[in-house]
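Labels A, B and C are assigned to the chains in the order they are written; within every chain, residues are numbered from 1.
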Amino acid sequence: MAKKQKTSWIVWLRRLAQTGFFLLFCYLFLQTVYHPINQAGRGVTLFFNLDPLVALCSWLASHALVGAMLLSLATLAVTFICGRWFCGWVCPFGALHNFFTSLRGGPAKQKLEAGGYHRWQKAKYYLLVAFLVAALLGADVVGWLDPFSFFFRSLSTSIYPAINKGLVAAFTWVYDANPGVGPVRLTLVTEPVYSFLRKYFLAAAQPYYWGSLLVGSLFITVVALNFWRARFWCRYVCPLGGLLGVVGKNPLVRLNKHQEKCNNCRLCLVDCQGGAAPDKGWKPSECFYCWNCKSDCPAQAITFTVGSPHEVTCHSERSEESRPASPGVGAVREPPLLIDRGIEVGKKLR
Amino acid sequence: MNRFSRWIADFLHPPKEARLDLGRRAVLGASLAGVGAKLLFGIAPEASKRTFNPALIRPPGALAEDDFLARCIRCGECMKVCPTNAIHPASLEGGFEGLWTPVLVTSLGYCDYECNLCSQVCPTHAIRQIEVAEKQKIKIGLAYIDRSRCLPWAYSKTCIVCEEHCPTPKKAIWFEEVEVRNIQGEKLTVKQPRVDPELCIGCGICEVKCPVRAPAAVRVASVGESRNPENQILLTTDSYGQG
Amino acid sequence: MAHLDRRNFLRAGVTAGAGLGISLLGPRHLVSSPQPPALSIAHYKTSPTDPDGIAEEARRLTRQAIDALGGMGRFVSKGNVVWIKPDIGWDRRPEQAATTNPDVVATLVALCYQAGAKKVLVSDNPCNPARLSYPRSGIQPAAEKAGAEVPFLDERKFRKMSLNGKVLKEWEVYQDIVEADRLINVPIAKNHNLCLATLGMKNLMGVLGGARNRLHQDLGGTVADLAAFLEPRLVVLDAIRILTANGPVGGNLADVKRKDTLVAGVDQVAVDAVGATLLGYKPESIVYIVQGNARGLGTMDFKSLSPRQLEV
């Protein structure tokens, strides 16, 4: 029986990066507001500038490029070498989906089902193609499903107004009801907190937006789908993920499986974020480099190394066939049995 | 060098397991979907250029509609930054293609005269980056008085809130002093507002502040917008809608 | 939730203030010491064009006008919470004369603290968004520099109050302003198409919430009701730069005229009457001045108050 592995430090680093970029996105969101006098906040469109999908479709449809969009070339360059690291380490929308995915309960077997590769993951590439063709013809509608557009638009027109309304209502209720005993009132605590929130978080006036119900419902649906399939949006829908998957389909940093150590326990699948099928035939264009498989593998059969596909073998059927006939050294075959025994692999914030 | 060229070769001809196997037919189908979408967008009434949606009021600095739709990524930055909550995600005002693009809803918010924040934040410059002085000369629409609802027109009552708030240096709303009778039969003089189409920039503060609600007695329509030479009322001396 | 008792008390206090002052001074001053003036009109001899010059003008005019009334100590007592209500109604620069001169406000803040005020707050409920109007008018930075608190009004604190006026029975009023110890009204003289001029009494609309855009159906009555309800302790009318046309928003610098004058007084009708004449209107042609006069809130015949005229 495999023992629960200590989480690799790289996984912690990745979580830190995801949290950091998510908080940065939220910070830039809150900074997108009036600053005296007549300033919008510096660098608030950073994520859109880094987004190669926005740059590509904008250029295809309008034959022009905003200077700041050249930053997206950096994203493309790194993706070319390191694959979809962006999805795993940087994308704040991805971090959100990651978080909700990690909230899933249930036995490991169920997670395995949800975590494995599904051929519907190809849908995002077809969406990408449709958007690119439409953009080529002048209809730049990729913004409907671009992850940053989707996230920002949902936050600005639906989620943030709702949070604002809820907070103001709560503090107003306390202010009006003024519960307490004698001179000791709850408002002594809540009013300073409210002043702080008014200054740094709450909107100047409660915003209301047309169509907010539709936008908000879509957002909630997309986030909730993480409970059905791990990182649903990132795997099946995200056209930026599709673009990065195409650009990063042959990265230099590759998952290397030491076939002789692998015992087919498939623990690597349980927390696989991208559905890159590290158990058989690793798919680089689906891999987020989250490092979960490497961290979870009880046999330390997975490493990430630099090389080309011919050097660094993905553990495909081909390499299985070339294995010795008799069970070799350390090749203890414990297939689904390990998972059936319900080994505790659920870790928060995968 | 060998390794590098090997890597490039692998990229162009990857081994089986490293291939992104999308299927030629599926890719073709997706392409046709893209074409189909563009065609469907193209048959929306707005695309005919014969009619214009009065509710399609774009932020000042927005490009002409075709160029605008080619750039806008529906990100919502302008909607977040607008200090008067005037910019909203469109439903079908701009056709289906315009879904979630920014429109001003002048019953909910107005365009502040000294502000150009939306043009500062637009990541793709679908809303051009313009200075406030230029923005103040751009018309995004034209206000019209609904005489059947306006207090001095319809109810013999004094008002002038629309003119009071009008921000243009020479006010775009002027008055005709008219002697009217109220329901008691008394004669009184009221100031009946009229909009000056040369001066009105369509900012919408009149509609927001009008005491008559749902709908207001003065409303803004997109006609007269500077960025669309076809959507005009006035005889103009050039094709850019400039008088 | 009426605060009429306090307001009535204040009204009695204002008019009896002179008598109180005299009796405090002792019996031998009953005959010889003059009553402090109810109105002062300060005029600057020059008309500086540079921003520093105008700021200095504002400061000196304000100080001297208040001194001519007997000093801020007449209006503000030690430990008071003072609410200063300037015109921060519009997202406009100071030189466009749509908002009160920021240095007038800052000087008043400083004078209040010198007179022993515990806390001085400066605010308005503007027609353009507050977060735009406050900084661009220059009032927020100037007042904060002078030590005032300049809050954005909290929606929760607008409470329905009984105004018991002739026209306004009940309206949403900002609670904190009504509960403050002192209210100082600091308007700017501007043209207005409906009532010809917006001056002090009309400036008080900035303490109201609710559907203020309906008040225009009877501006004379509603503004007079409001003035009667609030009765500010002191009114300081900024007539350094006045807006003579296309008010109250303005925008065209050609509509701004220099009068280099500051009017201060306890009689809000009289102060408005002076402002009307500075704008070129007869006080009797302004509806709320007429109503205020008729109701005894003050007198529009400001000359009868023997105003102190100063050349600064």
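For the reader, a short list of remarks on this structure follows.
One rule holds in what follows: contacts are C-beta pairs under 8 Å (C-beta built on N, C-alpha and C of every residue); 3 or more make two chains touch, one makes a residue touch a chain.
All figures in this text were calculated on a predicted structure; none of them were measured in a lab.
Contact analysis places A-B first among chain pairs (by count of C-beta pairs in contact).
Summarising the inter-chain layout, the chain whose CA centre lies farthest from the centre of chain C is A. Of all chains shown, the one whose average CA position lies nearest the global CA mean is B. With centres defined as mean CA coordinates, chain C is found 57 Å away from chain A. Computed centre separation for the pair chain A/chain B is 34 angstrom, with centres defined by C-alpha atoms. Averaging C-alpha coordinates per chain places the centre of chain B 40 Å away from that of chain C. Residue positions 129, 131-132, 136 of chain C are each in touch with at least two other chains. Chain A has residues 34, 38, 204-205 in contact with two or more other chains. Touching of two or more other chains is recorded for residues 83, 114-115 of chain B. Against chain A, the residues of chain B that register as touching in their complex are 3, 6-7, 10-11, 14-20, 22-23, 26-27, 29-31, 33-35, 37-38, 41, 66-67, 69-77, 79-81, 83, 85, 88-91, 97, 99-100, 105, 108, 114-117, 120-121, 123-125, 132.
Chain A meets chain B in the complex at residues 29, 32-34, 38-41, 44-45, 48-49, 54, 57-58, 61-62, 64, 66, 68-69, 122, 125-144, 146, 148-149, 152-157, 160, 204-205, 207-211, 215, 245-246, 249-250, 252, 281-285, 308-310, 314, 316, 318. Those residues of chain C lying in contact with chain A across their complex are 129-132, 134-136, 140, 152, 154-156. On chain A, the positions that touch chain C within their shared complex are 34, 36-38, 168, 172, 175-176, 198, 204-205.
Per the touch definition, chain B reaches chain C in the complex via residues 83-84, 112-115, 151, 157-161, 163-171, 175, 191, 209-211.
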